[in-house]
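Heads up, the next two complexes both have chain A, just with different partners, chain B and then chain C.
Up next is the complex of A and B:
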């Protein structure tokens, strides 16, 4: 059964369409990547799922069979959808520990500290900066914290928006390695939005390519990796 | 000039200033949560002072009950502000300007409501914080007892707020919402709740300041308008509108400056000086002086 099923999702900003009748689905335990250039609508897609932007009338977003279109963002989060936003967006004046605590609102009380401890084991850097304001962390550490917040939330579906943005290559590979580890260890479902196909293909089960608000290509990694479009978009300049 | 005078003015400056700080805190709480300035911020001070006067002096309830009742009603009034003023304006597409005009009118409305029910003349505040003639003598300095009550109440209130904001999950969620409302929602923080809490905290701290100021200003219309309100704004502006601790420090500094300007220049210019400080901060340090937060708009 699909965990998330999207049908005819359309979003426009002041009459200018950003997503045009997008349909796709994610099964439980899958890693799905959405690829596409800047302005393709990738971030809008995640924001629509999270309830941060208004969808057009005919749109349907079914999470575990329930339509979540029109629900308030915090209620969608409470159903078990975690969203690691574009550009990390940690709470700068809250300490690392407090950032994780706020994100653990949904986790039952007796499991909170265990969940937070697990994030510290995954990202040792954060452990040594527990009580530091998150705004003083480096970009890479902030990304780790942002992912950590999603992990403590006890969500089944984790959506990550361009985790590689603005980070050094060595940090990026570290973050992707951890993402892979998380998915393997903890039976999570991951929706990854990324411009960089080389990073996301090895991690993914299936791919959707978004261009100008439409899905132009979809399939398993093996099916699409040799397609002309993927080659043109991502490997042409090598 | 003797040390005694300096000490005297310092202590009374800190006492009065800390109440300005509480009024500034009211501005900060609301700005942090909805980025609006409530021009009827100071009305809460007048309302709670008159409520306390009614419960204590007119009905004859005990001090504690009267205090809790008046502050409680003012806290609920904060919820009223949200659901009767802020939400309807926002729903109809109104922005900051609409909120300013609406709250400005509410400030005037409350002044007139008070005139209708209590008349325009000041009421004597019951001597719950000691009589006007009660002084504490210390090292040759005489200080009104009321100052020590102010210190006590402000200290308890600040300790409570510090505990709430730093140690409880609700408080942490409130700060998270202040820093990034959208992402706070993504974490599952119920922003309806935190917004209501911010409105209630905002009116409550100002309400408490009103009861503390009443022995000095009497239960009067002065508590609901003009100069005291602007002193609260000055304190908030010094905190860049975003730092709760900065607002209290700003208020105390303002109280001290005000008292020393009375001492060295003339009491005629007392209010002028706080307005000058407000204008000067806005011109030279528009992001505030006492700001320890990292997030600045």
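Up next is the complex of A and C:
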């Protein structure tokens, strides 16, 4: 059964189309990657699902069979869709612990501390900085915290936008390793937006390739990996 | 080795002074000023909550202050109701106005929101001037009953302790909220609205709450003022007063739980003290200059400086302790 089903999703900024009738679906427990060059509409796609941008009339986003187009962002978040925004938007003035607490509204009280503890186990760096303002963390730690915030929210669908942005290779591989671990252990559904196909392909079950607001290619990793389009886009130089 | 913690002693002395102040100072005018300072502190604490915690701005607090004052005055004087009812109605009416004023804050930010709140303050001011049958207009509102317990009519001392208790309660309430989920989500919204929304935080609800709370506190302050002064005229409810309230919150420290109190006390007493020394023409200039200097050189407010002085000691004290214990352990190990 598909957890998220998107039909004819169209978004435009002041009349300039960013997404043109995009349709796709994600099944429960899957890891789906969206690839595409800059300006393809990847971030807009996530923002549309989260309710942060307005969709055009005919758009349909069905989450567990319910249309969520037009709902306020916080309501969508409370339905169980967590969004890790691009550029690691942690709350700089709140401590690490408070960042996690604020994000755990959905989680029932008695499970909250366990969930937070689990994040500290996954990212040991955060554990030692519990009471430090999040603004003083390094870029990698902030990304870990942003992902941790999505994990404590008890969401079924987690959307991660460009987790590798501006981070050192060592940290990036740490984060992707942890993402894989999370998906395997916690039976979550992951929608991953990432420019770096080399990182996201090994993690994913299926791939969608966005280009200029349209899905130009889709399929399982094996199908897509060998396509000429992907080769042109990403592996041409290798 | 026992270190005398002189800062703790200083704190206790300061608190004791606050408690016995009415018995130390025989000057009734200064005591009246202290009461005004407490009222201002209540209002400015609400502003600290609104601006420092929730990130919203209001340059129209005098409007809520006026609504509280005139409502309580009207209900007790013209309708002959008990004072406590007047105060409650004053709070409720300001709260209602605050709820309405929170609506534009959903769409508007900083500069534009401040214009809306200025307009609100102006509207209330014009209404006071023109609704003469209710407010007395420019002639003023006379004969507001003073507070009393049984047969004892409050003098300045009675007001002082009443207001002090109310202020402490207000600070405790704000402290509780600050450390609750609601308070943290306000800081989160203040940091980043989008990230807060995708974490499931209802930013509208928080803004409504912040406006409602700060408006009710301004209303409370206003109705207390009405009974303290016994007479209302439109002057204390101008835009100048609104900006003065903001200055109190900023000088005290916008992110400090005691910011409103510190700013309220300083900016109530400072101009009056300067006025005594033959500076009649300059005291407001000096007061304004003080505000400018504090904003430029201590953007976190005087409250933070005071907090730091106290915390700095305890912190280095703790480190010192840690080092001593480490050294002791090491010595023990070598033996």
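What we mean here is this: the second predicted complex is superposed on the first by the 238 of 238 C-alpha atoms of A that agree within 3 Å, B and C clash if a C-alpha of one lies under 4 Å from a C-alpha of the other, contacts with A are read in each partner's own complex, and residues count from 1 in each chain.
Methods note: a contact is a pair of C-beta atoms (placed from the backbone, for glycine too) under 8 Å apart; a residue touches a chain by one contact, two chains touch by 3 or more.
It should be emphasised that the depicted structure is a prediction, and the values quoted were computed from it without experimental measurement.
> Please tell me, clash or fit, for chain B and chain C sharing chain A in the overlay.
clash
> Where does A:25 make contact in the superposed view: on chain B (first), on chain C (second), on both, or on neither?
A:25 contacts neither chain B nor chain C.
> Which of the two partners, first being chain B and second being chain C, lies in contact with A:91: first, second, both, or neither?
both
> Answer with first, second, both or neither: which of chain B and chain C does A:205 touch in the superposed model?
In the superposition, A:205 contacts neither chain B nor chain C.
> Should A:133 be classified as contacting the first partner (chain B), the second (chain C), both, or neither?
After superposition on chain A, A:133 lies in contact with chain B alone.
> Is A:153 in contact with chain B, with chain C, with both, or with neither (first, second, both, neither)?
Both partners, chain B and chain C.
> Show which residues of chain A both chain B and chain C reach, each in its own complex.
50-52, 72-74, 77-78, 82-83, 85, 89, 91-94, 98-99, 101-103, 105-106, 149, 153
> Which part of chain A faces chain C closely enough to touch in the complex?
Contacts found on chain A: 50-52, 72-74, 77-78, 82-83, 85, 89-94, 98-99, 101-103, 105-106, 149, 153.
> Which chain B residues qualify as touching chain A in the complex?
These residues of chain B touch chain A: 169, 172-173, 175-176, 179-180, 182-192, 293-295.
> Given the complex with chain A, which residues does chain C contribute to the contact?
Those residues of chain C that touch chain A are 181, 184-185, 187-188, 190-192, 194-204.
> Enumerate the contact residues on chain A facing chain B in the complex.
50-52, 72-74, 77-78, 82-83, 85, 89, 91-94, 98-99, 101-103, 105-106, 133, 135-136, 149, 153
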